[in-house]
Amino acid sequence: MVDISSDVSSRVIEPQTAVARRPMLAMDEVSKRFGSLEVLRNISLSVSAGEVVVVIGPSGSGKTTLLRCINMLEDYEKGIVVIDGEPIGYRPGATPDQRQRMSEREIAAAREHIGMVFQSYNLFPHMTVLHNVTAAPIRVKGVPRARAEERARELLAMVGLSDKMAEYPARLSGGQQQRVAIARALAMDPKIMLFDEVTSALDPELVGEVLAAMQELARAGMTMVVVTHEMSFARDIADRIVFMDGGVIVEQGKPDQLLFSPTTERVRAFLRRYNDRYRI
Amino acid sequence: MIFDPNFIARLIPALIEGAEVTVELAILTFVICLVWGLVLALANSAQGPSSWIAGIYIQAVRNTPLLIQMYIIYFGFSMIGFGLSGFNSGLLALCIQNGGYVAEIYRGGLQSVSPRQYEAGRALGMRRSTLYRIVIIPQVVARIIPPMINQAISITKDTSQVAAIAVMDVMKVAQVWVESSANTYDVFLGVAVVYLVLTSAVSIAGRLFEHKLAFAQ
Amino acid sequence: MKEFAPLLHGYWYLLRGAGMTVLMAAGSIVPATVCGVLLALAQVFGNQAVRSIVVAYLFLIRGIPLLVLLTFTYYLLPLTGIDLPPFWGVVMVFAFYYAAFMSEVFRAGILSLPRAQWDAARSLGMTQRLMLQIVIFPQALRLASPPFVSLCANLVKATSLVSIVGLWELTMASREIVERTLAPFQIFLGAAVVYFCICYTLALYGRYLERRVLQGH
């Protein structure tokens, strides 16, 4: 387990709960198709500052695509995404059809505010751990090297990897690599963090250390959208759980309400299958 | 007679003189191909007519012998009143053919970087230029060094074919000396040693360079 | 089209030369493959002494141009008293030279098999011999087949070098026609097209094999 002291993290992560509950993420009627397959159908989702939203659902339900549309790694045919009042990807027009695509440069600038952690870590293999964390702040935001490194040390201490700063990613375990990836995303001081099945590629005994780091982040007041298959973790960390199936949001609510007394048959069926599989 | 000291004493300076031509050809070819191959690879990966023109060029030069390419340039061009010296014909042919091979090395290097690396960079807000400069190109460079070293060795050996168009490289020098003396073994040993020294030098220099750029994979 | 009249008169002679080229290449590929497989096995499974000998052999072959070996076989063979027709002399040189490169291809094929395949075979109680025969070699040969085919295309191109030591094949045939017709551009271009047809066919076949390997059939 990772030793994460909460006074370190509250110093490192700027608490956002204090601010009035302004919407940090607003997705408005986003639709996306791959060929003839509709992956997202008119998705609208609002996440307030400091809120942790966990997205669950069967595979192929569009969860990952939803995350990738938020920071425009995936283009979408319809709809608008707004982060803290600033659009990313498309500027709204007078009517939904008149939205305007932003330039690549503007999209890149908007992505600074969105941290993303991937299932397959995607660390840069040719950079040390420290360099992985400092590269974007220095080259994208122009942070002076000394300050970027100081901040990277704090973040790496928070995820419990102070002793690995000079290593290359290939020498780390999956859990360690994923914690570096979290630190790398946090180094940009994002307003919101997206987690895409970040424990799915890990050995079971390494899952805990990554989840602990995420839990610490949530406690520090970070706004988070988390796609996961870990139901008990979802219950612990989420302020709200969103259930997706077939490209639509079927049901959403407080964790206990959605997990223990869902109102729709589709959620009930999904949870039944899940419990059958994982009952010991 | 084998290992005739007097003969060897006269042979060595001649071989060194030939080796200088070989080295000059090899270095010029490699440096020009690094640039020409990159141009071809970028043209080939772009959209539109430049892509298929580069594609046809690469296939055409890779699937015909270097010697025939040299003959076309050396004999063919002089026939149509555009004569080039043996050295320049050889250099041109070496660059034309190896440019195609080097282009394929660049292409393989670019393809070997996972699309996820591009995504990770974009998700951190990197612009295209930053992404290529600090994420993609360093990885491509690390991956193309071993095949580039092999290509440099292959170029060094290929330069021997200019002997066929009367360039006094180390191969041609050896041919001349064999025909004018009975010390066939000495000449063979001498020219073999020259090429082994040159290719080993390329290989060692390449490995030092590779070591400098290495990261734990 | 009047400029290409010499080609029309000489095309039959060129095609006969091409036949000789194919014969020479095919005659070399067979022994080169056999030697290549043996060298690869020696390097993977041999003891330290055997491995060192193979490594030294590969170092020599990889560092000396084929043209040097051909030229000196031409001059040295009569001196050794071995009475070998020139055709078989060059086939021997090609076999020894390309065996070195083929051994690399086969060795890479054996070594790139995942460890799990060896473990799985051992855990089923297979003897070393059975494991190699039914698990390792079939897969290694499949992995090695695309680079093997491109090496064969490379060998076809390299047969053009034997014209420098006076053997008759496609390149020599085209030089003879050029001497009679004084039309180097057209004739050498024609020869290049013939080489291209042979080598590009092999390249396409190699690419087809590569796709099959990638798809895991």
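So that you can tell them apart, the chains are marked A, B and C in the order they are listed, and the count of residues begins at 1 in each.
The definition used in the following text is that a residue touches a chain if its C-beta (ideal position, glycine included) is under 8 Å from a C-beta of that chain, and two chains touch if they have at least 3 such contacts.
Only a predicted model underlies this, so the values are computations on that prediction, with no experimental measurement involved.
*Asks:* Identify the chain pair joined by the greatest number of C-beta pairs in contact.
*Replies:* The chain pair with the largest number of C-beta contacts is B-C.
*Asks:* Which chain is most remote from chain B in terms of Cα centres?
*Replies:* Comparing chain centres, A lies farthest from chain B.
*Asks:* When you average C-alpha coordinates per chain, which one falls nearest the overall C-alpha average? Tell me, please.
*Replies:* That would be B.
*Asks:* Centroid of chain A to centroid of chain B, CA atoms only: how many Å?
*Replies:* 48
*Asks:* CA centre of chain B versus CA centre of chain C: separation in Å?
*Replies:* Whole-Å distance between the two chain centres: 20.
*Asks:* So what's the Cα centroid distance for chain A and chain C, whole Å?
*Replies:* Here chain A and chain C have centroids separated by 54 Å.
*Asks:* Given the complex with chain B, which residues does chain A contribute to the contact?
*Replies:* The touching residues are 71, 73, 104-105, 108-116, 118, 120, 122-127, 135-136, 139-141, 167-168, 170-171, 184-185, 188.
*Asks:* Would you tell me which residues of chain B are touching chain C in their complex?
*Replies:* Listed in rising order, the residues are 59-60, 62-69, 71-72, 75-77, 79-80, 153, 157-158, 160-161, 163-164, 171, 174-175, 178, 184-185, 188, 191-192, 195-196, 199-200.
*Asks:* Flag every residue of chain B that touches chain A in the complex, lowest number first.
*Replies:* That would be residues 114, 116-117, 119-120, 122-128, 130, 133-135, 138-139, 142, 215-217 of chain B.
*Asks:* Going by the contact rule set out above, which residues of chain C touch chain B in the complex?
*Replies:* 59-60, 62-68, 71-72, 75-76, 79, 153, 157-158, 160-161, 163-164, 171, 174-175, 178, 182-185, 188-189, 191-192, 195-196, 199-200, 203
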